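What follows is a group of structures, each given as structure tokens.
Next come two complexes, and both contain subunit A; in the first it sits with subunit B, in the second with subunit C.
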Partner chain A sequence: MADNKKKSNALTNNALVKKIGGQQLVVILVMIALFIFFCVASESFGQYSTIVSIMDFSYYVTFIAIGVTFALMTGGNDLSIGTGMVCYSLIGGFLISKLGLPVGVGMIVTILCGMLMGTLNGFLVAVLELPPFIATLCTMMIVRGLGSIITGGVSLSWPAADAANGWFRSFFKMTVGNTKVPVGVVWIILAVIIMSIILTKTKPGRYIIAIGSNKEAARLSGVNVIKWHMLAYIICGFFTGLAGIAYAGTFQTLTPGTGAGLELDAICAAIIGGTSMYGGQGTIVGTLIGVFLMCILKTGLPYIGLQANWQQIIIGMVLILAVLMDVLRTKKRA
Partner chain B sequence: MGEVILTMKGIDKSFPGVHALDHVDLEIRKGEVLALMGENGAGKSTLMKVLTGIYKKDEGTITYEGKEVEFENPSAAQDAGVVIVHQELNMLSHLTVAQNIFIGREIMKGKLIDDEKMNEEAKKLFDKLNIEIDPKEIMGNLTVGKQQMCEIAKAISHDAKVIIFDEPSAALTEAEIEELFKIIRDLRDKQIGMVYISHRMDEIKAITDRVTVMRDGTYVGTLITKDSTKDDIINMMVGRVIYEDPKTESAVPKDAPVVLKVENLNAGKMVRNVSFELRKGEILGFSGLMGAGRTETMRALFGADEKDSGDVYINGKKVDIKCPQDAVKEGIGYLSEDRKRYGIVVAKSVAENTSMATMENFMNGLFINKKKEEEVSWQHVKALKTKTPTVETEVVNLSGGNQQKVVIAKWLTRDCDILIFDEPTRGIDVGAKSEIYTLMNELVAQGKSIIMVSSEMTEVLRMSDRVIVMCEGRKTGELDISEATQESIMHLATQRD
Partner chain C sequence: MKKKLLSVLLCMAMTATLFAGCGQNGGADANADANVSADANTNEDAAGGNETTGYKFEIVSKGFQHQYWQAVLKGSQNKAAELGAKINFVGPDSESDIAGQVQMLQSAINAQPDAIGLAALDTKACLDAIVTAQEAGIPIVGFDSGVPGAPEGAIVANAATDNYAAGVLAAEETYKLIEAKLAAGVRIGVMGQDATAESIINRGLGFIDKMAELVTAKGLTVTVEGNDKYVADCAVTPVDGADVVIEVLVPSEVKNELSITDGSTLLNKADTICIYGSNQFSAENLVSADENIGRLGVDVVGVGFDSGATLKAAVASGKLAGAITQAPVAMGEKLVELLYTATTGGSVADVDTGCQWYTADNMNNEEIAQNLYD
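Now for the complex of A and B:
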């Protein structure tokens, strides 16, 4: 009898794990449940302005989450994206507000900074073969200091929406009549479509998955693993640059030395969305779903009276849960 | 007889401490299957790795299609038409079958990968080879046998002129081997030159045209398969008699007490309802193919991995082993198959390794009694004939066989009554092997009991008193050594669900 019981236990465990395989569906359901929960718990949550602020918040998280998905796909990671995003945005903002350069130049420089740091990360990981965790932890320290040095340690802003050169903010939020329209969602959708195609339908994407799946086998098949491994980090850097622009477009003030911890939102989102930390597995759409779960959670918590410190505790726990699911999933595969 | 397509002459290759290849010759002809035979460690795989550019040769020439060549890396060899189907599978488990076959040379439609076309091409390839595999299936979901077929299909799709099969049948069922042979005969008709590395004599007789034999890194000779007998080939392979002959009957009395009893052990997919008994003074062989679940069974028994269910009795008493510490307390010692990862700490001295499992016996209050550690280590070094200049020598400087002896010494300090030897002679040269065998025999003569997991059939037949055979996580049979033969074991080892 005891044996039978154990067997049926094992069966339900299996079924549970299989469901985790269809994780995206589960995540969407959790997301809806969360949304309903917040609406019920707080009258003011269900308003249009809340949706807009969830959206505001989602732009830069989506960009760094898409980027880090590529690093994760190779079996690596990139911890420099949170701090990096703020750093590149500060550099761009410095050029615009202190040196008086056009906004367009500031935007391009922001993206270039991201790609440059991505190249450095890629070099450390793919060529020098440093552990990604340590390598990007170090570059995180570097960009953190760099942002402070370049701006002289003081906060700055990109032009406000009503300023003459504040046009870039309408990339993300347009005011039509009295209503604010979150147009940034268009860019998000575009980015998700393009990066999905790159990941699943082009050589770079295929080889990045191959590297995460079995690097040695990819190398023996004649794939230039160093090049494509580096590219994953450059893509990650590029999106961190984009995130820097979105961050500047969403927030009024940029403070040097901030941004640390935001990478965890992105990594958490990607893993919740089904990307494996062990590499080789994941989708961009999954990451997007993960991002929205995170954004609803982070936006909703203050509405039920849980402020910043509580948010950190909860994000930490959600990340543990997400990683645990990943570990279970990988164990079952093996 | 076909014309020569590839010649290797005077190939020499040394690794630190090992002269792996000593001026070896090899000749591959069009439309012919050449068997490459030799005991484990004879240098077959090394020779093939030199040929395909995985290793650089120190000396010698390779002539391919009339020109001297030296392939920079496996993909250069591939491009030239020399491909290898590896013993260990090189697959990308997250990608589909077709994506695996075309990795590195995807079929494109403009800038995008044309997966549909790749699926079609893979299907055509499989049809040509009479293989039934869905190109859209994820590689990780296939059985080992099917994965092997994909590897072969991938090799063939490179427009290969020379194909090397490195023990392709090691993980295949009999039906799958038949399928493989059909493919090989087909390729022979298409004038492709093939090298077939295997240990199984009947396969060699069935499929190959000539046999080249290697021993201890040297070229011994080449025979025409149909004109030679099994014994001819074995004589060339073994050359000198260094092992005892296979055991013909068990040395253990029928009424010897059962020291270990395992009942319905389950752990994950790889250990399913395994039950067995170990008697005092017995060497119990565990045989099976790659991935049969033998190591997993031992790890679950030892508490290294979690078990789902099952009971373990030691000397008739039920014990609950939850972790390796529990197992050690019950007098079980485990010599891992992967010495470097689990067995020894290579950067530490012989003495430090020897005392590691029994630190408490070497303590002087809070401090380690170095003197005692050295004394005890010396005793073991002498008893086991470990070749080391001093006990302070770092283990990394010893040969594989002597490293293994340090691991054995470590468990002997614990005075374990039950020793699990997982692949005790893997990566050890022939001389040291027979020393390990002698040592194992001495241990059981002292009344200890040994479980020996081994993938080498000859080793199982020489050492065991009883043989348990596993396949896909299940115990498929139990043979007394008097009734065990290569054939009977292989039959059980391929008995799948």
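Now for the complex of A and C:
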């Protein structure tokens, strides 16, 4: 026991580890190891097109994961982001493909829908003090149904890349010559930098962290906890809207009633990246790292010939490890 | 106290909204799975004609998300209007929601209709309900993939695509396109949406078995690898070091990115010469996967199943060499016709609603175009 403590002290005292954060460093190392492993195990994995695919799948997860990090940071959760993302995207797509409105309008509406639902989530959690798990479980069902109702239950597509109004797809992937360039990475990096600054260097961010650490203490020290608590969910909704656009830009068809389970990918990514389930702790960079670990795992496992059920088992085990690290860390803090 | 009251009120308001949404189509009871989406999942249709015969049919489909089902719905609505019958067309949220469909079937029986149309996701799961219907004297007519393996006499007739035959047709047409390239050391890819739905499995097996037969007839050895269910159920005995490998990939969940990864995995293997996507989901994701790779229509032959805007465009542009289409509108019409005949005491027999191979050349022919949907 004493030995263990000494070892962990030695680890945490290292300057580099301190700067990046212990768990993130482990995750980065695991990610690199995994990438190398997949490249060695399957010669077709290490190709440029595979990397573009990993990027393609990472955009929408990154957006909802950044959003949900804010909700997790308050000690809450947001389960409505998976079905919500598909729902807002369906609403936007409906305006574009069925009502013939410009793509720009569809995009703005998609984001506004996300923010509206974020506000509702925030209201339920911060004002009415419903448990976040239950509140967002309810809104998850609501948005799932809403998407079906608005589109009449039919799947639909945003304009294809080669269609006249398919320009929005080049926000995420551009064709230069014969090469596909995953330009969506630029938005991801931008979002991570901006949200990291907001979370750590601005008043709203610090208050959100404070609410997650100890809501009562924050309230007593004069913080308007209701306002900032709600803001965390509105930010989450905003990013869910962005994710809706990324999802529509990456995939061909949006199917009503789908999206359930995607929120878990995002929450998992945030937790793998070091965000605490108990609130008050986490970083946006960590979340990004978590997203990429998940994406590499999900993309790589089929390449090494591992069948469907085994993939789920492995992802489940990775999560147990990540949550275990969170639990141990929280215990240590206490 | 005030806050508690407020939260209770809000919960009630939310619940009321849900029911209001469901109530529009009066089908809330038919959708036990997720009543929030009952509105979209239920399509009750009164007779469009002036006179009603008073017959009421419950139709339990596999869901509404794919436009294919909208075409079946359209066909059945047309026929119901013509015959003056009333239909209630329901389906679960997704084609993997077996439990949800069983609940819908149960609700359909409880509604005491004159007959039930059923496209079972999983026959075994539906068995109890089928027996209940039998005891209640409600005839069941199968459609789409029917109700394979149902107890003798439970299903009075089927209006179904013979999915195995459709897979065979896909293999025959694909073989013509790849025959010149067939040699030792090539790979043929098969993408399946899942390994649970009978229709999807049969389309895969029909393709695998026929392709293996044709390849063997050419004097090459063949093996099947990949998804355990397909490997176990196909007619091919796996061997090591075969000339031709048929690789079947099925995603762990019905999610676009997982299916696209399957597509990329196959496209990234240098020895792959053709890939068959056995439904709209798989075929679309094959096309998506190729966006980053660009081998379809160049040195890999892509073959799809069903239609939809993306697939039609891919076939038209030659990215996919061709695809199989079923006849969903005709299927809906035949289904209601069979339900009507079974109810009125006429004799009914199975109807194969058929399938067609379409390519860029023939997809605008009227005979084919009527079965292609966006």
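We adopt the following convention: the second predicted complex is superposed on the first by the 304 of 334 C-alpha atoms of A that agree within 3 Å, B and C clash if a C-alpha of one lies under 4 Å from a C-alpha of the other, contacts with A are read in each partner's own complex, and residues count from 1 in each chain.
In the analysis below, a contact is a pair of C-beta atoms (placed from the backbone, for glycine too) under 8 Å apart; a residue touches a chain by one contact, two chains touch by 3 or more.
It should be emphasised that the depicted structure is a prediction, and the values quoted were computed from it without experimental measurement.
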If touched residues of subunit A are counted for subunit B and for subunit C, the larger one: C
First (subunit B), second (subunit C), both or neither touched by A:L220: first
Partner chain in contact with A:T299 - subunit B first, subunit C second, else both or neither: second
Partner chain in contact with A:F57 - subunit B first, subunit C second, else both or neither: second
Contacts of A:G212 with subunit B and subunit C, given as first, second, both or neither: first
Partner chain(s) touched by A:T330 [first = subunit B, second = subunit C, both, neither]: neither
Which superposed partner A:N165 touches (first subunit B, second subunit C, both, neither): neither
Sites on subunit C touched by subunit A in the complex: 3, 6-7, 10, 14, 18, 21, 34, 36-41, 63-67, 70, 93-94, 195, 226-228, 249-258, 260-262, 264-265, 267-270, 284-285, 287-289, 291-294, 308-310, 313
Interface residues, subunit A side, partner subunit B - complex: 3, 6, 10, 197, 201-203, 206, 209-210, 212-214, 216-218, 220-223, 280-281, 333
Contact set on subunit A toward subunit C in their complex: 44-45, 47, 49-50, 52-53, 56-57, 124, 128-130, 138, 141-142, 144-146, 148-149, 151-155, 157, 160-161, 173, 178, 180, 251-253, 255-258, 261-262, 298-299, 302-303, 305, 307-309, 311-312
Residue ranges of subunit B in contact with subunit A within the complex: 73-75, 78-79, 90-95, 99, 103-106, 108, 111-113, 115, 140, 264, 308-309
